[in-house]
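This is the structure, below, for whatever I ask next.
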Amino acid sequence: MSKVAPANPLEMLAYNISLMIEDNQIVYIGTGLPMVGAILAKKTHAPNITMVYESGGQDPLEGEMPWSVGCPFTYRKSPMTLEMAISFGQCAIGYVDIAFQGGAQIDMYGNVNTSVIGSYENLKAILPGSGGGNDIGSLTQKSVLVGLQTPDRFPAKVDFITTPGYLDGGDSREKAGLLGGPIAVVTQVGIYDFEPVTKRMRIKALNPGMSVEIAQACTGFELLVPEGEVPFIEPPRDEVLEILRNEVDPRRVFTKMPGS
Amino acid sequence: MEFMYATQEQFDRLVDFKGAREYHLSKSRVKKDKRMSLGEAIDRFVQDGDILAETGFSYVRSPIQAYFEIIRQGKKNMVSIGSPMSNTSYLMTANCVYAIHLSYIGVEMRGNDKNFARNIKTKKAEILSIWSHGSMALGFKAAQLGAPFIGSKQLLGSDMLKYNPYVKVIENPVGLDKSEPVVIIPALFPDVCIIHVQKADRYGNAVIEGPAINDIALAAACRKVIITAEKIVPEMSIRELGNACIPFWYVDAVVELPYGALPGCCPGCYYWAREWWEWLVRIGTPKEENVQDVMRYWIYETKDQFEFIEKLGGIRFINHATRLMEAAQANIDDSLVSFDYQEVIPKWD
Amino acid sequence: MSVAPANPLEMLAYVVSKNIQDKQIVYVGTGLPMVGAILAKKTHAPNITLVYESGGQDPIEGSMPWSVADPVTWRKSPITMEMPLSFAQAANGYVDVAFQGAAQIDMYGNLNTHIIGNDFLNPKARLTGSGGGNDLISLTENTIIVGLQTPEKFPVKLDFITSPGHLYGGNSRKEAGLLGNGPVAVITQLGVYDFEPVTKRMRIKSLHPGITIEIAQACTGFELLVPEGEIPVTETPPLDVLEILRNEVDTQKMFISFPPQ
Amino acid sequence: MTTNFEYNQEALKNLQIDDPSILDRLIDGESARQAHLKKERGKVDKRISLKEAVQEFVKDGDIYADSGFSYVRTPLQALFEVMRQGKKDLQGIGSPNTNHSYGIPYGTFSYSHNSYLGAEMRGTDRSYSKAVKEKKVKILSEWSHGSMGLGFKAAQMGAPYIASKSLLGSDIIKYNPYVKVVENPFKKDKDPVCLIPALYPDVVFIHVQWADKYGNARIYGPAVNDIALAVAARKVIITAEEIVPESDLRNTTNTNVIPFMFVDAVVHLPYGAVPGNCPGYYYWAREFWEWGIRIALSGKDDKYRDSFWDYWVFDCKDQFDFIEKLGGIRWLNKHQVIERALNGINEDDGIDLSYQSVIPKWDEE
């Protein structure tokens, strides 16, 4: 029996994020779990990735877990820093392979809301706004959405499209003139992709202990289920968990469960 | 357009290319000593009704001590813009800012700013337009490039378009298929920005260490530019390295303001006061009366950055913050410092 | 007095310098404008700031630069700018005056640096193209044109409008959407010209010593406007200024002596 | 022929471009994006020889750009190698694009996107003028420096186009199929602006003072359009005076830096800007330029031109051969001292800046 405690849901999420990253990619990173996942990837299977940040830091040396995308660790000994317009420009012209972003709401077509719950006319909650989210989602070749999966957070339609995914599905993203698009959604329940024709969210693999029924119960719309058996994600090996806990986020800034 | 507080003129001024140009043309070209106190700089160059652009990045190299001085001087009727613009939150509470061009107001890893949300919900402040960082940055860059507008692939398909009266979607008139939509973003010209830098000379030539974010573009775009600097250095020392990024003729005032970015951080100088931010986020922002308390203690009852530091812990705090920054930038060995800090858990949690 | 009087090129450099006021930001190109600007800085306008299209900003003086990207144009500059950003300053209102020359100038101050001959594909001569010329005259508040005046170089109609001056006169510059006042003066070896405020046609402002209206007209392909009353004589350089020009500004005589041919 | 692009028909007519598809690649952002997406992302040692770099990355017909400004930090030795390898039918672009005129007689450059092709203080390049007249080179578009610079900058910022106040009212617009004048849609009153599309050359050589083996490159002095070009071009080759350890770049604050991910190849090429000027390193060979401008580029007689380039390009193996012909170590040392003096590093009192100006025989006659 392993002496290492099993992954908690946030750790599982960080691990799943790391699995989306392939070696040698240029990865555009936002604050929070994507940062944990990317650094984990770099310390495990993808040592040659290059991380770039919207505040302008390019290819920093690893250090502490950054507090935000403007933190000194995002440009620690960077050979250069870029102005923001130019940093986003890199996404548009094809120098970023994959980007991660979270959202308060994600809908069945991968549209993301970080602006407002309710509406501006009838305000339930106001969120931070786009930040770089819209730019990254509009311009990057492959984006991966990260979120905690609950029926409220995964509604059929987001209250506000801050970052366009596949809009109304089909070819509506292309028609809007956008570049790239979301390729996956990563949650504490599993990993989803988008069915190629309708562009609706579809189960790709589930975390250990989960089932199609649990996934559906955590979702506000009908999830597509692929033909045949749904694969399970292999849980992180002990040494990966130890790297995550001891080297990547030792202060547990992002991977400690609230209340624990 | 119907506004709660802003005037049509204030709304138009942000995109008034010719007006900004004329203003720049009217500015003094003299290479003179522009040093003055923070109080004088804010008094002379930040006026009631101005469009204030936030610089730096949230708590990184932001001129926060200058914002505190704006609050102390009780400036009124201002409009705020920036990407990001998180420090606008307390300017709203202090009645300095009552209308914003929103890109992002939040507290980074702690998420939403409840103080900002409260100000919007209670209609103490209004939103005039909604942007993404990149689209707003392109607006500033367009201004820096002297371009009336820039085509962009940002914002397409998003609802932000419906809440941004400044941008338009058109069919691409150059290159590519005619049917390919693009967003056009006008050049943005705020009235005033305060830029905190590590080094400047007395004339305003300024060196930024670390990311410049939008500050180079903003220095070009804004009608009035105040530089606050950790150090005023001889002009020759800037010439030796040739690494300034803001030329003196953009600059109206130079303020020697060591620790001017506190309680935020200044790359190459000091780390930020994390406990202070924790306190603000966890205690200060959730309730209006707590915010008022925080502001009274830290801003109204504090004369300058030195008194602020005394409240944070004086020389011990500064020494620690300096070493943290050194370590953060890999100039000293990481093992010499600890990045641990006291998390603040409010009683009601 | 043993100082030789000004030759026509020195006269030109001097008049250029007199058109620069102290405390201006001056956008300079290669050649006589550069000589004039440095002369101005060493005489009546010590506080001007020189900026260059290749990106050099506010250099400390050195020797005479060969071109606008010469090391001297950014010698110990606190900052160098990327080119579009350097031009963008003109659009943003941070440049007061720019100087430029041309192969052809017409009566409205339009400039041609593209071709000689009216067939673009089969030109009599192919010139450099715009360089920064179009950008400067399109974007800068005031432009001053410097050239040698001959009927061929001052034709009625240009073979190609590289850099728009007042286009077709009247309001046509404004209607085209261009910024600034356009050309405000033309300086030649014969005199100084301005533009009549309504028609925007070139008009004599002053003539150099010994030059008459007839000579000026004979050197021009179009009809010059002549102002009412007496035409002033252009001020000639005092001897101490000439000595500065020769001994401190263009010591190699790169621009103020005539070429060997 | 088919093209997916909308061009200014008047310009196509004026330039007599029958098949506009030749214009497509310069503004085809999608294909540039795809080329960038396919690039090596790993931080690998990218050092190769100049010969290999030219062989591998310059293809006949490419849109070719180079760094610097006219004779300052221009990758001239790389350009000479391109000529030596007999590359053909390149489209020259750059602001300025002066040096592309050397290759025209050899068929190296058959097309020009022209912003400025001249000899700086000596004015017109008469051999270029002659080549245009003799239709040895076809002009595909006319630009100003700033408008072309904005085109590269638009590419750098990922913007499909940038509006500008340049070019309005000029005839350049009638000879530029790419740009369009529209009414500013943000203004109620008429306010024409010129739309400049993002420009994506195929290949660019960028000569820098310092680079590491991965391609991180640092420029001393003005970067001109190079930071934007490094982002825009499909293929980027760095030629560097010195290859330095990566830590050297990390420990220096300087904004004029090109990050490694844009770069396909790194060539250690000391004196790679000779006969031009490399800021901080060496002054340029003024006698060579005098000779080139007054004799080879004079348009007087093709044989002068041909023998000039035969001697300086085809008869040289590399930059060291070239410097031997200029005067070897004595020439080099002198030009290093001059450069340092001009940069304010050396005492400049006593530095002799005079040089032998060249008077061709036919001017004496």
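Just so it is clear, A, B, C and D label the chains in written order, and each chain counts residues from 1 on its own.
The rule is simple: contacts are C-beta pairs under 8 Å (C-beta built on N, C-alpha and C of every residue); 3 or more make two chains touch, one makes a residue touch a chain.
Just so you know, these numbers come straight off a predicted model, no measurement behind them.
**Student:** Chains shared as neighbours by chain C and chain D?
**Tutor:** B
**Student:** Of the pairs A-B and A-D, which shows more C-beta pairs in contact?
**Tutor:** When A-D is set beside A-B, the one with more contacts is A-B.
**Student:** Can you compute the centre-to-centre distance for chain A and chain B, using the mean CA position of each chain? Integer Å is fine.
**Tutor:** About 28 Å, centre to centre.
**Student:** Distance from the CA centroid of chain A to that of chain C, rounded to the nearest Å?
**Tutor:** 58
**Student:** Which whole number of Å gives the spacing of the CA centres of chain B and chain C?
**Tutor:** So the centroids are 41 Å from each other.
**Student:** When you check chain A against every other chain, which residues touch at least two of them?
**Tutor:** 61, 77, 81, 85, 88, 92, 139, 179
**Student:** Give the residues of chain B that touch two or more other chains, as numbers and ranges in rising order.
**Tutor:** 138, 141, 145-147, 153, 172, 180, 182, 212, 243, 245
**Student:** If a residue has to touch 2 or more other chains to count, which residues of chain C qualify?
**Tutor:** 60, 74, 76, 80, 84, 87, 91, 139, 179
**Student:** Examine which chains touch each other and state the graph shape they make (line, ring, star, complete, other).
**Tutor:** Graph shape here is other: it fits none of the named patterns.
**Student:** Can you list the chain B residues touching chain C in their complex?
**Tutor:** Its residues touching chain C are 20-25, 28-31, 143-147, 201, 205, 220-221, 235, 238-240, 242-250.
**Student:** Under the stated contact criterion, what part of chain B meets chain D in this complex?
**Tutor:** Residue list for chain B touching chain D: 15, 138, 141-142, 145-153, 166, 168, 170, 172-178, 180, 182, 184, 186, 209, 212, 241, 243, 245.
**Student:** Enumerate the contact residues on chain A facing chain D in the complex.
**Tutor:** Going by the criterion above, the answer is residues 23-26, 48-50, 58-59, 61, 77-81, 85-86, 88-95, 97, 139, 141, 179.
**Student:** Within their complex, state which residues of chain C touch chain B.
**Tutor:** Result: residues 23-25, 47, 49, 57-58, 60, 74, 76-80, 84-85, 87-94, 96, 139, 141, 179 of chain C touch chain B.
**Student:** For chain D, which residues are in contact with chain B within the complex?
**Tutor:** Checking each residue of chain D against chain B gives 4-6, 27-30, 150, 153-154, 157-165, 178-180, 182, 184-186, 191, 193, 195-198, 253-255.
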